[in-house]
Amino acid sequence: MADMAVHNAHPPGFAHQFEDMEQQREAGSLGMWVFLLTEMMFFGGLFATYIVYRALYLPSFEIGSHLLEVKFGALNTAVLIGSSLTMALAIHSAQIGKRGAPVGFLIATMILGATFLFIKFTFEWRHDYIEHLVPGFGFVIRPEWGAPGAHVPMFFCFYFFMTGLHALHMIIGIGILAVLTVMAHRRRFTPDYYSPLEVSGLYWHFVDIIWIFLFPLLYLIGGRYPGGGH
Amino acid sequence: MIGVLQSGSVFLSLAIQAPQLRPEAASSIAEGVDHLYFALTFITLFFTIAIFSTIFVFMVKYRRRADDEVPPEIEQNLPLELAWTIIPALICAGLFLWASSLYFENSRPPSASTEIFVIGKQWMWHIQHPEGVREINELHVPVGVPVELTMTSEDVIHDFYIPAFRVKKDVLPGRYTSLWFQATKVGTYHLFCAQYCGADHAEMLGWVYVMSPADYETWLSSGTPSPSMAQTGEQTFNKLGCASCHLPDGTGRGPSLVAVYGREEELKTGEKRLVDEAFIRQAVMNPNSVVLRNYPAIMPTFRGQVNEEQVLQLIAYVKSLASEERNANGK
Amino acid sequence: MSTATLDVHEVPTGSRVNYLNAQYGVKSWLLTTDHKRIALLYLASITLMFFVGGFFAVLMRLHLIEPQGALVQPETYNKLFTMHGVIMVFFFLVPSIPATLGNFLVPMMIGARDLAFPKLNLLSWYIYIIGAIFTLYAVISGGVDTGWTFYTPYSSTFSHTSVVPTALGVFITGFSSILTGLNFVVTIHKMRAPGLTWFRLPLFIWAIYATSIIFILGTPVIAITLFLLFLERVLHIGIFDPAIGGDPILFQHLFWFYSHPAVYIMILPGMGVMSELITCFSRKRIFGYSFVAFSSLAIAIISFLVWGHHMFVTGQSIYAGLIFSVLSFMVAIPSAVKVFNWTATLYKGSISYDAPMLYALGFIGLFTMGGLTGLFLASLATDVHLNGTYFIVAHFHYIMVGGAVMAYLGGIHFWWPKITGRLYPDGWARFAALVIFVGFNLTFFPQFMLGYLGMPRRYAVYPGEFQVLNVMSSAGASILGIGYLIPLIYLTWSMRYGPTAGPNPWQAKGLEWTTPSPPPTENFEEIPVVTEEAYDYAHSRVTRG
Amino acid sequence: MSEHIVPVKTYIGIFVALLCFTALTTGIAYVDLGAFNTVAALAIAVVKMLLVVLFFMHVKYSGGLTKVFIFAGVLFFAILVTLTLADELTRNWSPTPTGWGTLVLLARFF
């Protein structure tokens, strides 16, 4: 993908090793899919670990989960879905050749992404820190958790590592979007050449999908109804 | 085909007799493992030699005679391809069935085994007999008696390995693993740690002394008499104050431990659990995770107050309560 | 292969512009995006790492001449085998054939000007170098002693050595593998020359494709695992620490999910090289093309299902052991199919004894031994006795060194004229092949016996009765070490003084032989159109190169 | 370019559907369904994922190769989880294997 961006220096964005633009576009798209495959296994290793410990320590994971605010998780899900929509619309506007339109949609996507991170860090992580729920930073096991309390820190380990890794991907994504915005502003994209947009879109949607799974796995374990999971 | 089998059996009998190619076989399972081993060796040699001699013949027979030689084209031969896919598959299936059934047979201990406890720590083997005798890096066992080892580690992963018995099992921190053997030959055998465990991994070894039952009895009773594991466990039990709640008649705040070992108990969560070594260890270290139905979750954890050895002694004590009860009922 | 005419023959090598003399200076190498130059960058780096790792091996074997240890303290010995394993596995064997021969040959064999993402390719090399620097820093800063397997809780809690830089080094290098695999997959899918269908591809490409699948699917898991290990060691969060409820066996699951397929990362490209060598030096089409091609894919996929056979005695559930055992037996079958097909390819061929062919034959022998001894370890009952002993060490060295390194050397000797435009002294090359074969067997065959007799691996000192076999092994190792130095010397010599090679010194088939040696920067004057099947030695008269 | 152009209406429709599913999954969590809570949450997540993959990521309109690659990712993740759980969940069977052990353990997981 970095390649695509750099090769763009040649006016139509064409790189010498390819036969034609069609081959180049297909290669770029397939390359991103293969990259997403590796991302999937990267998160997959983490999800597998999570699944094993969730099976072993379900009551502890339920206690941990109930300490998270569902409203923030759900709100953030909606924000991310919205950003996926604006991303798709950005590509759409480039496809139909609406001049200048990708810029607006890209900026909207970045703003929504930043909103997600803002909610995550200031409302959730900061709150957890104050409540002594960050392992390694003064985590306090509360007596009212009883026996399963011993493994609540493990849940929070997974929570911070998984959401942190996801947030890192978001930050990288916002960086890519910033580059795309500049390119779009300089009228680089045409209905014949919008590969960088398309490929970055795949990445952005993938990060969205990761969150679609993280939300129920972290926030909704064992149900939120009174006495759920106990 | 018959020729192959014949040469195979001759090879097997020769191989089994050759002492320098074979470690001492001193347990009831060693012969079975060795038979499989030599069958595999035979298969390996058979295929290696077959492939090599074929290649050798081709290399000589079809060597390049002229620089511009163009050999004939040979099409793919489907029956041949299928044959050398299916035949190895059948051999593999046979080996799998043989090896797995043997493994399951070998890993199931006889019900009436003598139990000995093993604790691995960097870098020594700590062994305790139920009668109370303790050893370091030495294991004395009677010949002809099945012995089951219950093992745990105080630090990293170790591995208890007695080559002459063909037994090996990792020894893990925080968990019990077990292995069993029945020695068949009086003698002295190596005991190794076979899982890398740090600086002196290679020094974490010892000897297994297989003795006649009479010698073993003498050995057990020689030296300074020491209380049995169960007795030491009982002392620990009283010292830690366990006895104040776990009254034998069941009137205490905690459940009676008489005859509890080997029984299935229902937990507060509704789950049914067999009371075994792992259960008792969990009850000592993390009591609130195994609260029985009808009992309050008031027991404090003893993590940090008892070491792995004392836990094993407590287990031995609880087990002794169960067997006393059984004996009493028997009478 | 193609009918593209070879009028380039007539141009003398020296005066022609090729990828080596197109540009000069350090910068032209460090900033190159030419896959052939990047292949040479890798070649130099992994050769360095090979000799670093080999040096540790020599020290170990010298130490083990005496039962009480002849050379170093046990702590040092533990660091030696750890660094040997880490460097050889992650920094030599995994990148060896894919990153050098694969990088050089994939675009040439499929008739492309370069890989799909040349800058990404260069980035892979820089990532590899950064990972290597982290690891070498760990060596200098006192070494690491966890074994290349990094088993917890020893690595996470108990070891006092440089675990963190080593784990980070391996973590970083993983991304180099991932990006290389990604590049290959896209290139093979999208950039084949017109007429070059999947079933006309050289089998080396099939093997590299299968390898890339493992890179893509396996490497991310080891990356996240080592990252969790890193977190565990720094923060003590308890994911793998049994004292806080973690499960050390889970670490082993995640570790072997990658590290078993990684063995096939090493051997699959070797098998691809084999198919090229055997066909060329017997002038025959490969026997059973589709069986050899699909067996590569089968191996790649099944290799992800067998990792638990490393854990039969770890306290893994015996039911899981049963599943892993049957799956492990299954992976033997496609490997056997390959060996049979190579052997059948020789039938009625026109076989020559050039140096690369000698390496190839060495490969078949050693790989057969290595593969068959794998059956001992897939068998539950015998694995209990053999696990963790020298039997394991011998088995995987037969596969990784006897198999992968032999194939690597065979491939280097085969394509050396193409890479450098020069020929090496054939007599020396054959001699080296023989020395390596003899040295290798003398080193590792005694270790099978040691293992069965019960000597555990990773022992700095050992009981006296094992000494005879250990001395044999050490003697073999010194022969093997010399065997590896000989090619280093004559290949280096040939770069400057070797006679000029024509475009096709072996009269081989394949697109890479239709361009001059060394090839021009864009590989082909014009993109070839392929009209023939692979290895079509029978249908066109061989022309002299 | 030959890329299929998806109408804006479809995008908006998918967006609304995704929002509805988010509301649904959150709502269901507050209803006591026992083990079915987890099943429902994951099922909804899978449906949402499919919507994003098929429409936002254009997989519905792209070639077989992309689909094969996605399938490969799902398959190998499933292999990793299944075979790891094959050990983790059956480890305690060894002392007392019982015929119904699998179901009991699976039930405990939910």
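The letters A, B, C and D name the chains in turn, as written, and every chain counts its residues from 1.
Criterion: contacts are C-beta pairs under 8 Å (C-beta built on N, C-alpha and C of every residue); 3 or more make two chains touch, one makes a residue touch a chain.
All figures in this text were calculated on a predicted structure; none of them were measured in a lab.
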Chain whose Cα mean lies nearest the overall Cα mean: C
Higher-contact pair (C-beta pairs counted), A-D versus A-C: A-D
Computed distance of Cα centres, subunit D from subunit A, in Å: 17
Chain centre separation in whole Å, for subunit C relative to subunit A (CA means): 36
Mean-CA-position distance for subunit B and subunit A (Å): 46
Gap in Å, rounded to a whole number, between the CA centres of subunit D and subunit B: 40
Junction residues of subunit A, two or more chains touched: 30, 34, 37, 40-41, 44-45, 48, 52, 56, 150
Subunit D, residues touching no fewer than two other chains: 65, 72-73, 76, 80, 84, 88-89, 108
Shared interface positions of subunit B, touching two or more other chains: none
Interfacial residue positions of subunit B with respect to subunit A in the complex: 286-289, 291, 297
For the subunit A and subunit B complex, residues of the former touching the latter: 146-148, 150
Contacting residues of subunit C [partner subunit D, same complex]: 189, 213, 217, 221, 247, 249-250, 253-254, 257, 304-305, 307-308, 311, 315-320, 323-324
Touching residues on subunit C, where the partner in the complex is subunit A: 107, 112-120, 123, 178, 181-183, 185-187, 189-191, 216-221, 223-225, 228, 231, 235-239, 244-247, 250, 254, 257, 522, 527
Subunit C-facing residues of subunit A, complex: 2-3, 6, 15-19, 23, 26-27, 30-31, 34-35, 37-46, 48-49, 52-53, 56-57, 135-136, 150-151, 153-154, 157, 161
